[in-house]
Every structure is written in structure tokens, then in C-alpha cells.
Amino acid sequence: MSDRLEAFEAYRRKMNERIADVDHLGIKRFFNLDTKAYEDGALDEKTKELLGLVASMVLRCNDCIDYHIIQCVDAGWTDEELYDAFNVALVVGGSIVIPHLRHAVESLDIYRGRERS
Amino acid sequence: MSDRLEAFEAYRRKMNERIADVDHLGIKRFFNLDTKAYEDGALDEKTKELLGLVASMVLRCNDCIDYHIIQCVDAGWTDEELYDAFNVALVVGGSIVIPHLRHAVESLDIYRGRERS
Amino acid sequence: MSDRLEAFEAYRRKMNERIADVDHLGIKRFFNLDTKAYEDGALDEKTKELLGLVASMVLRCNDCIDYHIIQCVDAGWTDEELYDAFNVALVVGGSIVIPHLRHAVESLDIYRGRERS
Amino acid sequence: MSDRLEAFEAYRRKMNERIADVDHLGIKRFFNLDTKAYEDGALDEKTKELLGLVASMVLRCNDCIDYHIIQCVDAGWTDEELYDAFNVALVVGGSIVIPHLRHAVESLDIYRGRERS
Amino acid sequence: MSDRLEAFEAYRRKMNERIADVDHLGIKRFFNLDTKAYEDGALDEKTKELLGLVASMVLRCNDCIDYHIIQCVDAGWTDEELYDAFNVALVVGGSIVIPHLRHAVESLDIYRGRERS
Amino acid sequence: MSDRLEAFEAYRRKMNERIADVDHLGIKRFFNLDTKAYEDGALDEKTKELLGLVASMVLRCNDCIDYHIIQCVDAGWTDEELYDAFNVALVVGGSIVIPHLRHAVESLDIYRGRERS
């Protein structure tokens, strides 16, 4: 059975393929730039994914949060480190971030559960 | 002669003292929580300041950017690392972040200039 | 049968308990500060809940709207007063608030319906 | 069978009628002003709907995007022109707009599919 | 000598007259709707001005904050009540609101100073 | 004597050169993508600049507004057409856009005055 994180990943994959089909050079380049922004550079990928996660939380975008949660776990951040990052996002962005904190914690639990099974 | 970063720091200090005088327990506690959010924990202070900087950039707050630029430089981030963080903020937040990127680069230059003099 | 407001309340309760389990002192304190911000002070709780509702509407957060609708009804605000608050939020925040106005009016109807049954 | 765009349209119609019943003069006038803002004036309706679409994308409101997608298609904008507008929204608003770009492309596909059937 | 609040008020007055000269019916009606949103209705003007102030703070608009501070003081809100409203805005909107809290406290001090002289 | 629009243009030019010096490939590509997004494509440049202007107004960025006002005037939009676009931005974004409408109208007046002299 598919969890909500898998449903998001499937939808994301399907629509990204559809957008690639649209074949708009500007959009294609933007997606490329977005991918490259998180690759190792002066900062390593692991740090950049955490930056992406906190940016997604203060901008309150659940899909972006889910994407970066997965990336952050894969990059090796521990739960305690992620909670500390959630706390920075919460203090910067305020209580309006709380529904997205709930979502982030649940996504993290789902993804960790998948690792364990 | 005072630069615009010093003017900001003086204003910030003056008004934070004024706000402390207001003596509202909730506000006092919020300021305290804000300070503590960047202290060493599961994540170290250096990483958290970078998170604060990127959050400030995507939320497009120049005063917050200035504050975190100073903290990030003091914490030991190099220019190349900071430019890489600026790039993540730019890609996440889009061209609407560009005026704040200009501000951030100028603030960084001013603060580095102060170090050198 | 459970309505969407009940589903939200159950999810909110479940995830708040999960977040309490996370046991991060900063997050715990933020939740505490958030609760205290709406308690009687120089302004009474009733007024503060209305402030929270309008803030949630202009920031366009449906979960926050649902929470404050419930609190506002429990605090004794009438429908006419709430519509007047919705109108302030609509004028300040613009037509982008309209989907959240639809949500707010529906949540209010659901919650009033629950009172009547 | 109803698609998600039809479900949105039905909900929008139902709640707009409910809001009309609320009978708040300010809210009524706002809805009227909102309708009139897209009527032919110095700019024609077609151009204004495209402005509404891009504004909805950078402000990241899926319901507003769906509404303006429908209006833009009915006003005669081609897919290639709409993709070009999506690209402006993406560059201005950044990668945080991507989930809404996915939504917009899917909504456009659904609506075009309806035209064809 | 003019303070920054007087400078804002003069600029606001001058530009509002200029905008009235533009003679665009939609814009004119929006300004009218905006004025009416704060008049006595189911909620009284005093309460509505406080709603406008908190909405302005969480949306982080200094000009709007200045306008509503003046209106709130004229409507009879005490400093303690305004600080309590500032606190709600701070908790909802997070530390990104702090620069606007500084601005709000300073504006309030300037306006109270004017009353006393 | 230099007006505030000239001061902005000079600062923008200076800092864009400084940012080009930074020599970060991702940032460089983003600036390139941003430029290309407004070039003739399925939509012409003139239409895209108007989209950029409305996006800048609802996102409430004065520097971005100034840039696009200049581009829109150069692209041949009349004042009446620009006021109509301002109105769409005002209705979508609400009264929080008003300070930026004041700024936009003043910038337009300054730029038109420059044309006449």
C-alpha cells in the first residue's frame, strides 16, 4: 500500500515528465538550475539540502518540504539535527509554520518507517 | 564615518533596548527563544546562522539579512560558501530575491571591509 | 460521521502529541508561547482570537483559520462579527484571500451546525 | 465522472452562493470589484486574465490558478503562450512555484481534454 | 521639524491625491472599499483598526503599520493593549516580524510624543 | 540633479556588476535566465514586461516595480493601460499593495517626466 509520501513522489515524477514534454527552453533551464543549486560546491550537498528544507518551511510549501525531507534523510542528517532545523524555521516563520511543522514531522516519520521496513 | 551597516546595528540596538523597556513578558520570551534558536545544539551555531540567512533571503527581509550576514561572517563562513547559500536562496525564491541579493552582497562587502581596516 | 473540521482537529491533536514527544526544548517553548499569546492580558482572549483569525486569513493558512474559527465561536463572536472580520482580511489581503474566505465560511457553517445538533 | 477541476468549479460555485447569502455589503462589493477588474478596459479581458494567472502563480494559490487557467483558455490563449507565462511566474517566484507549475500544467491538460471530448 | 511619521503622512496624502487624479474607476472603488472596511459595523471601528494593525504586521508592511498605529491610538487603544497586539503578530509571524516590531514601537513612541507636545 | 529612479538605476547597475564579479556560475545563469524570460517568444516582450510588473506589485517589491515600470514604458504601454494593470494587482493583492501602488504611480510620473524633458 502506498503512503502519502509515495503518492507525492509518484505525482511529482509524472508531472515533471509532463513538464519536460512541454519542451519550453526557459522552464527546462530553470529545472536544471534548481538541480544544480544543491550539488556539491563551496558548500556540500548535505548542507544545501538543509538550507532548502528550512527555506521550504518558512515559505510554507508542503510539497517542497516533503522533497527536501527525503533529500535530507538520504544525505545523512539525523532526526535530532532535523528537529533543530525545524526549530529555526519555526522561530523565523512563526506559528503560521506550525501546520507545516506537523506535516514535516509526519513526513519524516513516514520516510524513516520506510527505511526500517 | 558610519556605514549603513553600522547605522542598522545602532538602530537595532537602540530599539531592542526600547522593546526590553516595554516589559511585555510574551515579547521578552520570544526574543529569548529567537536567541536560543541559533545556539549550539544538535546543529552547531555556524550551520544555524546559515539557515537563518537563507530563511531571511527567501522571506526578503533586508534587516534580517544584515543581521545574519554579520553572524555568518563571525561564525567563519567564507565568501564562496556564502555566495553558494545566496544561490540556493535565489533559486528557491526567484528573481524577486535579486534586490535582496544586491543588498546581501553589499552588506558582506561592507563587513569584510571593516575587518580589513 | 466525521466532518472535515473534526478530521482536522483529530490530525492536529495527534501531530501535536507527536511533536511533544520529539522533546525539543525550543519547539516546546514556542508552542507554549503560542498558547500564552491568546490568554487574557491587556487585551482579552476574545479579542486576541479575532486577531489570530484575521492574521491567519491574510497569511492564507486554512489549518490556522479552522483553529481560530473554533476559538472565536467558543469565545462568543457572532456570525455577523466574524463576517466583518473576514471583510477586513479580504480587503487587506485581496482576492487571493477568496479561496480562504470560502474555506472560513464553510468551517464556520460546519462548526455552527455541530452546536445545533 | 467528475475530474478535480469540475470538483473545484462546483465547490467554488456552491461557496460563492453561500457567501452571497451572507449578505455583507463590503464582501459583496469586493466580489463585484474583482469581477470588474478583468473586464475590457484600457487593457482587454484576454490580457488581464493572463495577468491574473501570473499573479496567482507567484502568490502560489492553486484555486486561483485553476480559475484563471479556465478563463485564459476561454479567452483564447494557446498552450505555448500559457507556458511562456508560466515561465515568467517561475523565474519571478522561484522553485517554490514548481508545485504550482505542476498543478497548472495538469489543470491545463484537464481543461483541454474536456474541450476535445 | 518634521519626524518620519509626518513625512510618511505627507507623502501618503500627496500620492493618494495623485492616485485620485488618475481617475481609474476600479482603483477609486478599491480605495472607497478600503475606507469603509474600518467603519463601525457588526464590529466597531476601534476593533477593526486593531485587526488592520495586526494584519499589517504579519504581512510586514511598514507604511501600513504606521497608518494603523495612528488610527489605533486615535481610536483609544492604550500602549499596553497595542503591545499585546504586537505580541500576537510576533508569535503568528515569527522573528521575521521583529524589524517591523521595532518600527511599530518607534512609530508609537513618535505619535505619543506628538500628543504630549 | 538625480531623481530617486536614477539613484535606483545607478545602484542596480553597480551591484549587478559587483555580482557578476562574484563569478558564481549558478547566480550568473539565474541572471541570464531572468533576462531571457522577458524576450520575445510565444508571448512578445511587451506582454511579458506587463506580467513582470503585476507579479512585482503583488509580491510587493519596489525595486522590481521600478525596473518593470521602466521596461513597460519603453515597450510602449500607455499610462491608461498601466493603471489598468495596477488595478488588477491591487484587487489580487489587496490594500497591502497600496503603498506599492503609490510608489509605482510616482515612478511612472518620474519616468514620464524624464521623457518630456
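Residue numbering begins at 1 within each chain, and the chains themselves are lettered A, B, C, D, E and F in the order written.
Note that a residue touches a chain if its C-beta (ideal position, glycine included) is under 8 Å from a C-beta of that chain, and two chains touch if they have at least 3 such contacts.
Predicted model only: the values in this text are computed from it and were never measured.
S.K.: Would you pick out the chains that touch chain D and also touch chain E?
M.R.: Shared contacts of chain D and chain E: A, B, C, F.
S.K.: Are the interface residues of chain B and chain D largely the same numbers on each copy, more than half shared, or largely different?
M.R.: Here the answer is same, because the shared fraction of interface numbers exceeds one half.
S.K.: When the contact pairs of D-E are compared by residue number, which of A-F, B-F or A-E has over half in common?
M.R.: A-F
S.K.: Going by the touch criterion at the top, tell me which pair is linked by more C-beta contacts: A-C or D-F.
M.R.: Result: the pair with more contacts is D-F.
S.K.: Using mean CA coordinates as chain centres, what's the chain E-chain F distance in Å?
M.R.: Their C-alpha centroids are separated by 27 Å.
S.K.: Please work out the Cα centroid separation of chain A and chain B, and write it as a whole number of Å.
M.R.: The separation of the two C-alpha centroids amounts to 24 Å.
S.K.: Using the touch rule from the top of the page, what residues of chain D touch 2 or more other chains?
M.R.: If we look for residues of chain D contacting two or more partner chains, we find 26, 30, 33-34, 37, 41, 55-56, 58-59, 64, 83-84, 87, 90-93, 95-96.
S.K.: Is the way these chains touch best called a line, a ring, a star, complete, or other?
M.R.: Chain contacts: complete, every pair touches.
S.K.: Hey, which residues of chain B end up touching chain A in the complex?
M.R.: Listed in rising order, the residues are 33-34, 37-38, 41-43, 47-48, 50-52, 54-56, 58-59, 78, 80-81, 83-85, 87-89, 91-93.
S.K.: Going by the contact rule set out above, which residues of chain B touch chain D in the complex?
M.R.: 58, 90-97
S.K.: Which residues of chain E touch chain F in their complex?
M.R.: Against chain F, chain E makes touches at 11-12, 15-16, 18-19, 22, 24, 26-27, 30-31, 34, 37, 55-56, 59, 61, 63-64.
S.K.: Per the contact definition, I'd like the list of chain E residues that touch chain D in the complex.
M.R.: Where chain E meets chain D, its residues are 26, 29-30, 33, 36-37, 41.
S.K.: Sort out for me which residues of chain D touch chain A in the complex.
M.R.: Result: residues 60, 83-84, 86-87, 90-91, 95-96, 98-99, 101-102, 105-106, 109 of chain D touch chain A.
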